[in-house]
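Chain lettering (A, B, C, D, E and F) follows the sequence in which the chains are written, and residue indices restart at 1 in each chain.
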Amino acid sequence: MLMHEAKRVEIIIEAVMEDRLTDILIDNGVTGYTVLPVSGGSGRSGRWSRDGQVGRAQGMVAVVCVVGPDRLPALLEAVLSVVERHIGLVNVTDTQVIRAERF
Amino acid sequence: MADAVSLAASNLVSPIVLSFVLGVAAALVRSDLSFPEAIAKGLSLYLLFAIGFKGGASVAGHGPELRLFATIAAGLLLSLLLPFLAFFLLRALARLSPIDAAAVAAHYGSISIVTFVAANTLLASSGLEPEGYMVAVAAVMEAPAILSALWLAARFGGGGEMGPKVWREILFNGSIVLLMGAFAIGALTGEKGLAEIRGFVVDPFKGVLCLFLLDMGLVAGRGLLSSRGVLTVRVLSFGFLMPLAGAALAFVVAQLLGLSVGGVVLLMVLCASASYIAVPAAMRVALPEANPALSLTLALGVTFPFNLTVGIPLYILAASSFAGP
Amino acid sequence: MADAVSLAASNLVSPIVLSFVLGVAAALVRSDLSFPEAIAKGLSLYLLFAIGFKGGASVAGHGPELRLFATIAAGLLLSLLLPFLAFFLLRALARLSPIDAAAVAAHYGSISIVTFVAANTLLASSGLEPEGYMVAVAAVMEAPAILSALWLAARFGGGGEMGPKVWREILFNGSIVLLMGAFAIGALTGEKGLAEIRGFVVDPFKGVLCLFLLDMGLVAGRGLLSSRGVLTVRVLSFGFLMPLAGAALAFVVAQLLGLSVGGVVLLMVLCASASYIAVPAAMRVALPEANPALSLTLALGVTFPFNLTVGIPLYILAASSFAGP
Amino acid sequence: MADAVSLAASNLVSPIVLSFVLGVAAALVRSDLSFPEAIAKGLSLYLLFAIGFKGGASVAGHGPELRLFATIAAGLLLSLLLPFLAFFLLRALARLSPIDAAAVAAHYGSISIVTFVAANTLLASSGLEPEGYMVAVAAVMEAPAILSALWLAARFGGGGEMGPKVWREILFNGSIVLLMGAFAIGALTGEKGLAEIRGFVVDPFKGVLCLFLLDMGLVAGRGLLSSRGVLTVRVLSFGFLMPLAGAALAFVVAQLLGLSVGGVVLLMVLCASASYIAVPAAMRVALPEANPALSLTLALGVTFPFNLTVGIPLYILAASSFAGP
Amino acid sequence: MLMHEAKRVEIIIEAVMEDRLTDILIDNGVTGYTVLPVSGGSGRSGRWSRDGQVGRAQGMVAVVCVVGPDRLPALLEAVLSVVERHIGLVNVTDTQVIRAERF
Amino acid sequence: MLMHEAKRVEIIIEAVMEDRLTDILIDNGVTGYTVLPVSGGSGRSGRWSRDGQVGRAQGMVAVVCVVGPDRLPALLEAVLSVVERHIGLVNVTDTQVIRAERF
């Protein structure tokens, strides 16, 4: 099967910032992203869990975005503008996709 | 005095308070007891809807009053002013940085709706029915403190982001919209509407509150365990002093407004309590440099249990002593 | 006529309708108020169980009737035929492609159980107790329209996948199984069973319905916001005309069947309403080329609010005018 | 005898049992009906809280008894001993490996709280009110069997991990803490507390139990479907024999203790039932080599339905026959 | 530690198609897969969120499947047969696993 | 944008073992991890779903941990000590991160 090179960008970011991040992704021409819930974690700011929580202040979400390699720099620039002041983690992995016309 | 002791005692052995205590205890022995996030949110949606609706229905019963508007205006003002008092105490007493002090101040200027609900419930069982519109006062007091706090952060700490987007988020925050919306529905449908859904918003209410407080106890207890580090004695003392200061201020204002004993107590509770749902999220967006553990631990781990166990009976006692012979 | 106006007015200020309005309003001001998915599903499980059980218990009280079977057969037939009417209107009036028209037609041939529940509730408070077996009629009307729509899609659009797997999924769809199962339990345990669980399926019912409608308002409002593009005037007008056409057809059939006023109204509501739970999922599987936003926005954003606010009082009015002197 | 048949029959057509049957049936026809995990957990939190609270409140009404402590001690002992009986049967009859036999034995030494709740409900409607403290007996019987089973696994199978961490997890397991905590709250607040939250813990209780049993039916049915392979006739027969053996043993002990008819039945139910919440999780941690499908299918797919449909009426019959004319 | 080459296949597919996809995975000899819930996303067919939804029509799930490199072509063939007519995204990443006997 | 090499370790493990795993991660100096819920799956021990379940015995979680390459061996050693006797799947992918000082 013919596969095409692409980048899988995974952004773990505070739940309160989800909308700001995805707005900026769309504004920067990203054709799609997927949000995965996160149930807990740990980092320099301590350990946390969503169990029993009502407020949105504590907790992260994972946003996965598969893009063509050429779109990566612009996307990272955009992401960084949101993540900068906030808790967040960005990792980029080489991947391959079918149906490249979508990215 | 005998009355006071018996009131406090009966408060302490109410299922509501004991459920909270159970939650804290379970967290401290590191039990794995926990509520799914969706259930906790579902319980809070129920409580907001029910308390809003009942408040509105009660206003419909009594008709609009001038005092309603005066009390709402007073609540607004108190919510704008309390952060300044809190900020001052946090800087002077607790020695927090300006940014952290501003963030904590926002929480204490705003209100804790569960403390409000618990006080309401205790008042009802003491026969001190408060004004229904106090629910609306609670709703308007959720957000304004954020404004003051961000001004303080900008003025003294050089921080704080404030765009139109942040404002819309704060004003149309889910809990405000649900509380005011349910209040409006209650006010529009009145006693008839209440009769239709009494089996939902009245009969099981106290029990649901118990379950919610159990969950809050779990969250508060786990928060205390994981952020013992941030609670110095100075910070802790703020968690006890601030509600007393807020309640005292509210007491004076409430007397000027001429509220009923129940109404006085509720205004005291609103000023004495600190937000742990709406404001923490707003602070993460607008003041991300502030340490969130500090505000949450103070609001939920210190001030909330203080109000629930000692504060509310105290405020009831104060309000009823003054009210008359 | 005065009666009609007062009925419509009292419907509009019922907590049920106002809760839906609140949800839509919250969505339109872009509040972040939202229900966790699990809570929304939990509320719908409750409503299906309760309405099914109560319907069954009421049938147990009255004993099986010949009319029961006739009405079920009529419902089945209507559900098979309505998609043809809808398809025709959608092609001629709304100018949709055959595939999209077939998909939307499936939704309108099927039923909206919440509209049914809301109508039931309004009827009960108007003293127009309908036949208990109408719940079974609702259940049998969920699936057949899918068959007609897929035939239409295959015939005119060259699309539509239909295997035995799809059929099992449609027939044993969760909401059908729960509704019919609870109906059977109610029928088997009768008044005695109802007495045992009245505190669950009767007392809090209306309040739970309010909360569910609030959530539906949020979902409908957000759906309208995000798919404004798909709603041309032609498409919109279908969303208002089709329920009226369906209700008219049902009115005639119901009179032939000799249903009570309440029963007439419910058959009208079933034919006038459009599915937004079971059919959308079936269409994604069997007719993936159809645009899902179109069906959902029409069913949930246009026809559902129309029925809830204007339709139901209208159908009640029509049915009662005809019923008597 | 006529009584026995009518009791069994009335049990079988209670909404509670039928809801479970509906769940199993829906699973067997592969319906997609399902409860979100959060809702299932929420329902179980409610049931534990309510049953614990009511038990405690009832003890508060009657005052502490010597028999309370004797029964708790007996429950503890039974829970420690039953795994040995089960292990023997599983090795001799079902031919399981030592590790698997030990794991299954742990489940059967412990208890199923839902079976207990269902029995309680049936007793109440038969006018055989049991001792309130049986809830505390249920709570103390949750964990000890794990100890015996792990000893058996170590002795005969060379497996089983047991650290202080595992112990804390078992003792402060969420369901034990909630059950005992709610019991304590009920005991402290008594009739007054019960009156306050009756609209939550009493009125809707049976209906919630129905919904929970519907979910359990779904899970049990799906479990049976996916693990048909593990159920040999020998293993299956254990699932029917063990509850009878456990109930018989409990019957003798309960007579020695001098419990009321209701109390006798509940002790029988506790010994006859098998854990499917707390113990399975503990076994995954401490005895990961054991096949989890085996224990779960037996406990939830065989013994639970057996007790619900045949067992409980049988135990009631046995206990009342002996009790006298 | 000895690591073995493998492929991590991530399939983001409509929730209604989950069972069809996993059935076909099992039919094609895949030894295991894991399903992650997805809470929202955006693509050419618009933005969506599972919040407050009852029906299953809207929403995706993420199916992660780690396989030995030799099994990849057959797996992709199978996946494509389901994804083809439906909304869905497939990406394949090189990864390493311990205990290769499992894949 | 300057990117730094890192490893993305994804551990799919029984839910009951989550705390033991994360405790050991923290004890071994891992600076952070994120836990994603898992809704179902299939493996040699059969197919499962979290739907309607109350107990924690059945079900997995996915723990994602991004670390600097030098920390990988110690982390894997630690993870293996927990996974060994239990059901679990570990995969390691090369990735790139911004803000390397965090790993």
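Here, contacts are C-beta pairs under 8 Å (C-beta built on N, C-alpha and C of every residue); 3 or more make two chains touch, one makes a residue touch a chain.
Treat the numbers as computed from the prediction; the structure is a model and nothing was measured.
Graph distance from chain A to chain B, where chains that touch are one step apart, equals 1. Looking at chain C and chain E, no chain is in contact with each of them. Across B-C and A-F, the chain pair carrying more C-beta contacts is B-C. Using the average of C-alpha coordinates as each chain's centre, F ends up farthest from chain C. Relative to chain A, the chain whose mean Cα position lies farthest away is D.
Per-chain Cα centroids separate chain C from chain F by 45 Å. Distance between chain D and chain E, defined via averaged C-alpha coordinates, is recorded as 39 Å.
Measuring from the averaged C-alpha position of chain A to that of chain E gives a distance of 18 Å. Between the CA-based centres of chain D and chain F the separation comes to 35 Å, rounded to the whole angstrom. Counting partner chains per residue, chain B shows two or more touched chains at residues 32, 34-39, 41-42, 203-204. Those residues of chain F in touch with two or more other chains are numbered 36-37, 47, 56, 93-94.
Pairwise, the chains that touch each other are A-B, A-E, A-F, B-C, B-D, C-D, C-E, D-F, E-F. Residues 13-15, 18-19, 22, 25-26, 29-39, 42, 125, 202-208, 210-211, 214 of chain D are the ones touching chain C in the complex. Those residues of chain D whose C-beta lies close enough to touch chain B in the complex are 36-39, 41-42, 45-46, 49, 53, 168-169, 172-175, 177-178, 181-182, 184-185, 188-189, 193, 196-197, 199-201, 203-204. Looking at the complex, you find that chain E touches chain F at residues 1, 3, 6, 8, 22, 25-26, 31-37, 61, 64, 66, 93-99, 102. Against chain A, the residues of chain B that register as touching in their complex are 34-37, 39-41, 44, 161, 165, 215, 218-219, 222, 226-227, 276-278, 280-281, 283-285, 288-289, 292-293, 296.
Considering their complex, residues 14, 16-17, 20, 45-47, 49-58, 85-87 of chain A touch chain B.
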